[in-house]
Each structure stands twice: as C-alpha cells, then as structure tokens.
Amino acid sequence: MRWVETTITVRFAECDPMGVVHHASYFVWFEIGRLALAREARVDVAAMAREQVFMPVIHCECQFREPARFDDEILLRTALLPPKAARLEFRYQVLRRHGHVCLARGRTVHAVSVPGKGMLIRLPVDMERKIEEFLAG
Amino acid sequence: MRWVETTITVRFAECDPMGVVHHASYFVWFEIGRLALAREARVDVAAMAREQVFMPVIHCECQFREPARFDDEILLRTALLPPKAARLEFRYQVLRRHGHVCLARGRTVHAVSVPGKGMLIRLPVDMERKIEEFLAG
Amino acid sequence: MRWVETTITVRFAECDPMGVVHHASYFVWFEIGRLALAREARVDVAAMAREQVFMPVIHCECQFREPARFDDEILLRTALLPPKAARLEFRYQVLRRHGHVCLARGRTVHAVSVPGKGMLIRLPVDMERKIEEFLAG
Amino acid sequence: MRWVETTITVRFAECDPMGVVHHASYFVWFEIGRLALAREARVDVAAMAREQVFMPVIHCECQFREPARFDDEILLRTALLPPKAARLEFRYQVLRRHGHVCLARGRTVHAVSVPGKGMLIRLPVDMERKIEEFLAG
C-alpha cells in the first residue's frame, strides 16, 4: 500500500479529563489524512466541497493501543484501497513521532454523493482515473 | 430582559485536561440558548438553515468566573436585546443548577445573511415582527 | 439486551458543511449514552472521574445509514454486553425520533484504568456487582 | 508588539453548515497561537500541564470580519501584552494567507493556577523572567 504521511501536533482542546486525546478526535485527524492523500492524487476535495460533491462516511472504526497526549507530534499515515464500485476505503496508522510508537489504527469507508443525484453507484470517471494513477504511482 | 432558560448536562468530551469545560464549548452552548429563544419567539431557525438563511456571529465574548465540570447540570439563560438595524445581540448567563452559582456571562452579536443577497441591512419583516412580539411578551 | 434511551437534540456546531452531523460527533453522543446507562446501573461515572478512574476506549466503530440534521431529535439507545474480564462492550442505536428511522449503529469496547495501577485485569468488585444487577434487571 | 506566527489549515470538521469555520473554533486556534508564543518564550506549556499548572481563560472575545473556509491556509498572529500581576493578556490576528486578508481579531485573558494553591496572585518568578526576555527580544 502507498502510505501518505501527515504531521499533526496534539491540541489542548483535543484532550479530555484523562489528559489524553479524546477518541472522537482521531476521526477528525483521519479527515486530515484523507485530504493529504487526495492532494497527492491531485483530487481537489475543497473544490468538490464547493460544488457540494462529498464523500460521506458510511463506516468508521479505530483501535487504540496507547494514548496521545497534549503537544505530542503525531505521524498520521493514510492509505487508500483499490476502490470497489463507488465505495472508497481508507486505512490509517497513528504513530507518536518520537520513537515511532503505534498509537492507533483506523479504517473508514465512504460513499460519493453528488447534488441532485444522491449517492453514486460508480465513481466519477475523472476521480477513478486519478485514483488509479495514484495507486499505480 | 426576558430570559429563556435551557438545561445542559456537561459532556465528558467538552472537558479538557484541566478537568473543566473548555472555554470554546461555552459558545456552542450559547448557540443552544439562541435556538431555545428563537423557538419561544416562534422563529424557525432550522427551517431558515435549510433555506441557507443564517445568523453569522460578528462578535462574541465570555467572562469566566468558576469552572463547569463533567456531569454538572448547567442552567443557561439567554436574552435578546431590541435589535438595531440588522444586528441581533444576545446575552447569556451560565449557572450551575446546584446552588445557582454564576459560572460565566457571555455576549454575541449577529448579522443575518440570505443566499444571493449576502448580509442584510434590515431584518426580514417577518422576523422583526416575531422579535417585537417576543420582547413585548 | 436491556436498552437505555436518551434524547439528544442535534446542535448546529455538530453539523458540517454537508449540513449533516459530522461522523465524529456520534462517538460524543455514545459517551452520553454510556453515562445514562451507568446512571441506571447506579455506577457514578462522574465520581469515578474525580478519582481518576476512567474507562478508556480501546475500540470504537459506527455504521451510518442516514444522516442526522441540525435540530433533529435523536433517540439514542445504549446497551451493555455481559463483561468479559475487565473489558466492557457497549452497543448503540441512533434513531431519528420522528418516524423512528435508524440512522446509525455503533459499538465501543473499554478498559478500566485506575491511578497507580494502570489498566485493570479484573473489574472492581463493586462495579461488577452493579453491572450484574443491571443486566439481570 | 512582538507577533508570533503560526500556520493552520482549516479542517473540514471545523466548518459548519454555513460552509465556514464555526466561531468557537477560533478559540481553539488561539490556543495553538499561545503555545507557539510560549515555545518562542521558552515556556514549556506541555510540561506545565503535566504538573497541573494551567492558564485558565477568564475572558475571551473575537470579532469576525470575513469567514474562513475549508482548506484555507490561515496565518495566525499572536502577541502577549506586558503582564499585570498574575494576569496574562494575549491578542490575535487571523489572516487568510492568500492575499493576507484579515478575517478576525481576538483577545484572551488568563489566570495562572497551580495545584494546591489555586489561582496565583503573582506569576511564578521563572515564568515572569522568560516573559520579560521574550517581550524585550
């Protein structure tokens, strides 16, 4: 798999009274990872959003091994699986940069929705081509 | 002033490593207070949102006296000042229900934006009338 | 299974540019459901938190069928499975109150951590007894 | 004033159904700005947090001129005023990097709390010295 790496510094507001990053925040990070991957694949997610083309999450999950803490440097690794029909599946690895300790692993599955058409049953041709090129790269 | 009261139970995810509600969360609560006030004034904010009519915040502030903690029952009191032109100004009091201790006081000022027209310079007639009736009530 | 029901009104700040509740917010709601269930089981989670006894999430997942929207009344149903060792597993159903449409289903698995001891390998006796009583009730 | 600059990329989850960054998110960004400033002043906020030394917000405010949108590159400028007693006051400017448009201006005032002592009435000597050096620099 082709992993795209992003660095995230843990925000104070992302941590909870346990002093660690709240588990829901990881899914916000995964979104950052998808955006970074899309950028490498030359898919312009922000432009898509302006045209109301979205990739709603239909499944998401995460396993947590060790907590991330305030001000930790996080290395987020994101990969995209070869798409089946109009489903996009991403995988994530969350590591503490210091020591490269694996903190969590995640997975999200997405549909693609277009205004007026709802959920697509095939990926848009342009997106499909860019994904193929990215996965081949 | 006519205060509208709402009850909020502090969520774990709203608290930070200090073990208290993060200050940014109060502005999310104030939004709940505005919605409750709008409901009493028979202004349907959700229907407005569906039609892309919004009340963007142009100023917000909050003073904090005592912290709110996880699972606290919060009494949020919200008031609306008589509008000037197309500016709406709300006031907020945040109390711990137990003992009615005042925890914080806030203020937000809003414009009204309508799709295609941008920021209004006069309130929509219907909204103005409902606000007058609410303030008179 | 014994389901505990909670009602949640969708907050504006919980919604994203798609106009629907952001998927990460469901895990914040699940926390509200766990708290409601704990209350019915007479487990005082807030008192535990004050003593730094926490139930960190080690796995979480959610399937999304239909979006929840701003101001929707949500019915959250939460259940606890019979615990194995020191693992607690919860199940969640998210319904739109209007029409009882199922919007999402979730699952979280938790450890129990105690200050100075880290993750427990057995549930505290008192908690185990309360859970048994709850599950039997 | 000595401004410390930080770059932030707008996250999807920070945006609301208006398609713009939710106003509460700016206070989360300001926290990032304070951390960057503290780092330049060689004050280790993360180490302080581990020792339960915190800087709770006692006042915060923000004026919004133009919205920030998903994937915008934000330039956050943060300054610290010369401290009076144990009050720290920060100022913030939020600019869109592209075109250097000013989007918002903010202000926060903080106390300093130490475990067992509560709110300090004088800054810790070490912190005071580092701040003086920073402001002189």
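Letters are used for the chains, namely A, B, C and D, taken in the order the chains are written, and counting of residues starts over at 1 for each.
Note that in this section a contact is a pair of C-beta atoms (placed from the backbone, for glycine too) under 8 Å apart; a residue touches a chain by one contact, two chains touch by 3 or more.
In this text, all values refer to a predicted model and were calculated from it rather than measured experimentally.
Engineer: Contact counts by the stated rule: is the higher one at A-D or C-D?
Structural biologist: Most contacts of the two pairs: A-D.
Engineer: Most remote chain relative to chain D, going by C-alpha centroids?
Structural biologist: Farthest by centroid: C.
Engineer: Averaging only over C-alpha atoms, locate the centres of chain B and chain D and give their separation in whole Å.
Structural biologist: Their C-alpha centroids are separated by 24 Å.
Engineer: From the mean C-alpha coordinate of chain A to that of chain D, what's the distance rounded to whole Å?
Structural biologist: The mean C-alpha positions of chain A and chain D differ by 28 Å.
Engineer: How many angstrom between the C-alpha centroids of chain D and chain C?
Structural biologist: That gives a centre separation of 33 Å.
Engineer: Which residues belonging to chain B are in contact with no fewer than two other chains?
Structural biologist: 12-13, 17, 19, 24, 28, 49, 70 - these are the residues of chain B that touch more than one other chain.
Engineer: If we count contacts the way the header does, which residues on chain C are in touch with chain D in the complex?
Structural biologist: The touching residues are 12-13, 15-17, 19, 22, 24, 70.
Engineer: Provide the residue numbers of chain B that touch chain C in the complex, in ascending order.
Structural biologist: Result: residues 9, 11-13, 19, 28, 31-32, 35, 45-46, 49, 69-71 of chain B touch chain C.
Engineer: Quick check on the complex: what are the chain D residues that touch chain B?
Structural biologist: Touch list, chain D to chain B: 17-18, 20, 23-25, 27-28, 49, 54, 56-65, 67, 113.
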